[in-house]
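What follows is a set of structures to go through.
What follows is subunit A paired twice: with subunit B in the first complex and subunit C in the second.
So, the complex of A and B:
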C-alpha cells in the first residue's frame, strides 16, 4: 500500500520522544496519547514524557513472520510495564532471544523499526534492550 | 421484542477451495440455508466479512451477494468486526427480526483467504490489531496470543499439555465434520513436534487460513412453525468490546469483551450459566479456548486447562466445547466463523450434527462465542430448542 509521509510523521512525538497524555482529573497517563480519558471522559490533559525503564510482564519470540519481518526473525516482542505503571509493546533487542523472560529489566532505546510500505519509508521508534547492556 | 428463531442453515465446503470464488462460496452456503429452511423469499441480508478488500480486492458485498444469490433489490449490507464479523451479522439479523422491521433475514459470513500469498493474508489478519502500535512493531496474531499464553502460564501455571489438549480434542471432533478443512484426529506429539510460530505457540496451536462460507435463516417463531422445519430460538445476544491493544488491558490473562458479551446475552436469555450444556468458542489459538472458558465464568481463572485435560469439554464430557472441531480443525474463514458456530449449535440442538459428534443427551440450551482481534470484540449468542 502507498503510505503518505504524514501517517509517519504524525506519530513522531510518541514514537521518537515517548510523549503520552496525562489527564487532569484521574492523574492517569496513556500511551499512545489520547484525546479522551477512557475512564472519566475527561479531555483536560498535559503531555508528559514516559520513563525509559521498566520490566517485561509478558513476551514472545516471533519465529514465523510475514515479509520484511520474516527476514528479522526470530525476534523478541514484549510488553513492558514502565516505572510509572504505563505499558507498551516493543521488540526486545541486543540480546539472545532465549534470554528474554518475564521480570527482565529493560531500557527503552530509539531504533529503526522497519521499512514501511511500497515506498520503503524508513520508520523509527522504540525498542527494549536489557537494562544491563 | 419478538421471539427470534433460526430455521435453516447452510455451509459451503471449508478449506483451500481453488475452484470456488468469494461470491460462489457465499452462494453455496446461502442456497443451502434457503433450501433447508423452506423460505420463499428474504427481507434482508447481512454478510459478515472481515477483509475481502485485502484478501481479494472486493468490497461492497451486500449488493454483490444479493445479486449473485438471485435476489437483486434485496436490502443487504456487509457487517465487520474483524474475526467476530459473522457473529455480528447474526446479531444484526436477530435485531432486525426482533424489532418487527423484517420477518425473514439471512445472516451469512464469508471469507476467501487463499487467493493471496501467505504474507498478504497475514497482513490482512493483522489489521485487526493496532496497526500503529502493535503491527508497526512487528506483532503478528500468533504473537499476541502467545503473549497472553505466557502471561497465563506465568500466573496460573498453565502447561504445554493443556494447550495440546485443546488442539487434540478439537481435531477429534472435527474428524466427524464433513465440511471441516482438517477432518482428522491428531496426537499430543503431533502438536508438540510442530513448528514453533511464536513461543509458546506452535503451528498446531493455530487455526488455519481457510476459504469458506456459512449462512442461517433468522425469522419469527410464527413463521418457523409454519415452515414445519426444525428450529431453535435465539434467546440471548450480547456484544462486548475492549482496548484494541493487548497491552492496555489491566489483565492480559482474561478477555473482558467476552465476559461482557456473555453477561449481556445471559441476562437477555433469562437463563443461568449452568443451563447452558455445550458451547462453541473462538479457539483461534489453543490458549484462546482456555481463556474464554474462564472469561465467561465456566471455570475459575487457571482451572479451564485442567478441565480440558481431564476430558470435561470432550464430546462425552460434562460440558462439550467446540463439537464442530472449532476453528482449529474445521477452519477459520474469519468472517464466516461466527455464523458457522451458530450453524453447529443449531445442528446439535435439532439433532442434525453429522456422524458421531451429535451430542447424545438431547441438549436444550447451547452457546456460540465469537471474537475479534486479540479479544477487542466478542459476540455471544445463546440458543434454545424450539418447542
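So, the complex of A and C:
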C-alpha cells in the first residue's frame, strides 16, 4: 500500500505547494495539474497556487485503516471546494470524525501523509484541518 | 545590522496534562506543577513532525515578510534535536514546500536545545556579510522524554521561523554573544530513542552558568542593563528555570511574561526561546528592546538584543499569533493516546 518515493517526488509541486494548471482558453483550473485541457485540447496554461481554505463538499469515515494509517483511525477523507472553486480530496486531521460535516470550513496544512515502517521514506503533502482561525 | 523581516510559529493543538502523566507512573503531579511550573505540554499527532511544523512556521513568517519572494531566500537552516531522518536533510523538504529551491544553501543544525538559535545566529551572519538578501532560520522540535522520566512532563513540540534580511525589518539585531563549554548534562547517543540527563547537574553548572555567562557578557558588550529592555526571553526547559535566571540577572516577571510559554506548552527544545520570541514580538511595540538568551545542553547559550521597528504594527496580524495557538481550541489526550502518537508502544508494522 505504499507509494514509491519516485512517484511522490514527481508530485512535489502539487503535494507540497498546491500547484495547479489554469488554461488560457477556458480559464479552468485543474488539480492535480494537467498538460492538456480535456475540454478544449488547449495546452496554453499557467501554473497557479491554490488557496488554502475551503468547505467540505462530501466525506467518508475510515474506521478500518490500512496498516500505516492505523494510528490515526478513525479519520475522515473529504472532498473540499476551495475558495477559488477547485475541488480536491484529502485526509481530515486534528478532527474527531463525529465533528466532520458537509459545509464545514477547512484549512490546508502541510502534514506527513505516509510513513513507511521504521526504515522507509517519509512522504509529505496536504491535509485538511478544521479552520478555527 | 541584519534583523528579522518576517516571523511565525506553529504548534500542535493536542495537549496532555501533568496529572495524566503523573497518574500513569504514580508520580506527584503538584511537584511538577508547582515545583517546575509545568501544567501541560503540547503533543504532536502522528502526521506532524519537525518538518511539518517547520513548514507551517515558515509559511507564517512569509505572511509577515511584506512579500518576500521565497526564491530570494539564499539559505535555510533548521535547528532541531528531532530531525525525522538520521540521514536526509529536513531543510530540503521545507525549501521545496515554500518554493525556495533550488538556488539555496541548506543545512540542518543540532545542538540540543540551542540548535534553533544557532540557525538564527548563522542566518544573521550571512546577511551581515552581504552574502545573500534573505536567510531563513527555523527552530523546530518534536522532542521525546523517556516514559516515567522527569523529562516526560516537559518534552513538547513546536516551531518558530525567522526570515533574516537587511531592509524592511520588524526587529533589528543590535548585538549577539555566544558562550560555550563542554558540559555532559544531557545527551542522546546514536541509535538511542530517548535522551539521558544528569538530573540536578542540568541546573546550576549547566543551564544557569551558561545562560548567565552569555547574558552577562552581552549586557557588558552592549553597555545595557536589564531595565533598558521592555521584554526578555530565556530558554525554558520548564517554567522555573527561566523565572529564576531572569530574577538573578535582574529582569522582572513582567519582562519575561509574554515569552514564558513553558507552563502551558512544555519544553519545545530548539523551539523554546525562538517561539518565546515570536510570542513577545506579537505584543511588542515599535522601539521596544527585547533581550533573548537560549540554552542548549552540551552546552552553550546564544544571546541576542533585538530592537523592534515601526513595521511590527503592520505585520503582527498578518499571521496567527503564538498565544492563540498556545491557548485556544486545544485537544486534550489521555496517556494511551499520547503513547500511541509518540510511538512509545511496540507494535508490528
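The working rule: the second predicted complex is superposed on the first by the 122 of 133 C-alpha atoms of A that agree within 3 Å, B and C clash if a C-alpha of one lies under 4 Å from a C-alpha of the other, contacts with A are read in each partner's own complex, and residues count from 1 in each chain.
Throughout what follows, a residue touches a chain if its C-beta (ideal position, glycine included) is under 8 Å from a C-beta of that chain, and two chains touch if they have at least 3 such contacts.
Computed from a predicted structure; not experimentally measured.
Peer 1: Answer with first, second, both or neither: which of subunit B and subunit C does A:77 touch in the superposed model?
Peer 2: The first partner, subunit B, only.
Peer 1: Considering only the touch criterion stated at the top, classify A:26 as touching first (subunit B), second (subunit C), both, or neither.
Peer 2: A:26 contacts neither subunit B nor subunit C.
Peer 1: For A:122, using the defined touch cut-off, is the partner it touches subunit B, subunit C, both, or neither? Pick first, second, both or neither.
Peer 2: Touch status of A:122: second partner only.
Peer 1: Answer with first, second, both or neither: which of subunit B and subunit C does A:16 touch in the superposed model?
Peer 2: second
Peer 1: Touch test for A:57: subunit B only (first), subunit C only (second), both, or neither?
Peer 2: first
Peer 1: Where does A:66 make contact in the superposed view: on subunit B (first), on subunit C (second), on both, or on neither?
Peer 2: first
Peer 1: State whether A:89 touches subunit B only (first), subunit C only (second), both chains, or neither.
Peer 2: first
Peer 1: So, A:113: does it touch subunit B (first), subunit C (second), both, or neither?
Peer 2: Touch status of A:113: both partners.
Peer 1: Kindly list the residues of subunit A that each of subunit B and subunit C touches, one partner per complex.
Peer 2: The overlap between the subunit B and subunit C interfaces on subunit A comprises residues 67, 72, 91, 113.
Peer 1: Across the complex, what residues on subunit C touch subunit A?
Peer 2: Listed in rising order, the residues of subunit C that touch subunit A are 13-14, 45-49, 51-52, 55-56, 59, 84-85, 93, 96-99, 320, 324, 328-329, 331, 340-341, 349.
Peer 1: Under the definition above, what is the set of subunit B residues touching subunit A in their complex?
Peer 2: 118-120, 122-123, 126, 132-134, 136-140, 142-143, 146-148, 150-151, 154, 195-201, 203, 243, 245-248, 252
Peer 1: Using the touch definition from the top, list the residues of subunit A that touch subunit C in their complex.
Peer 2: Its residues touching subunit C are 12, 16-17, 67-68, 71-72, 91, 93-94, 109-113, 115, 117-118, 122, 124, 127, 132-133.
Peer 1: Can you name the residues of subunit A that touch subunit B in the complex?
Peer 2: Spelled out, the residues of subunit A in touch with subunit B are 11, 30, 32, 38, 57-67, 69-70, 72, 75, 77-79, 87-91, 102, 113-114, 116, 123, 125.
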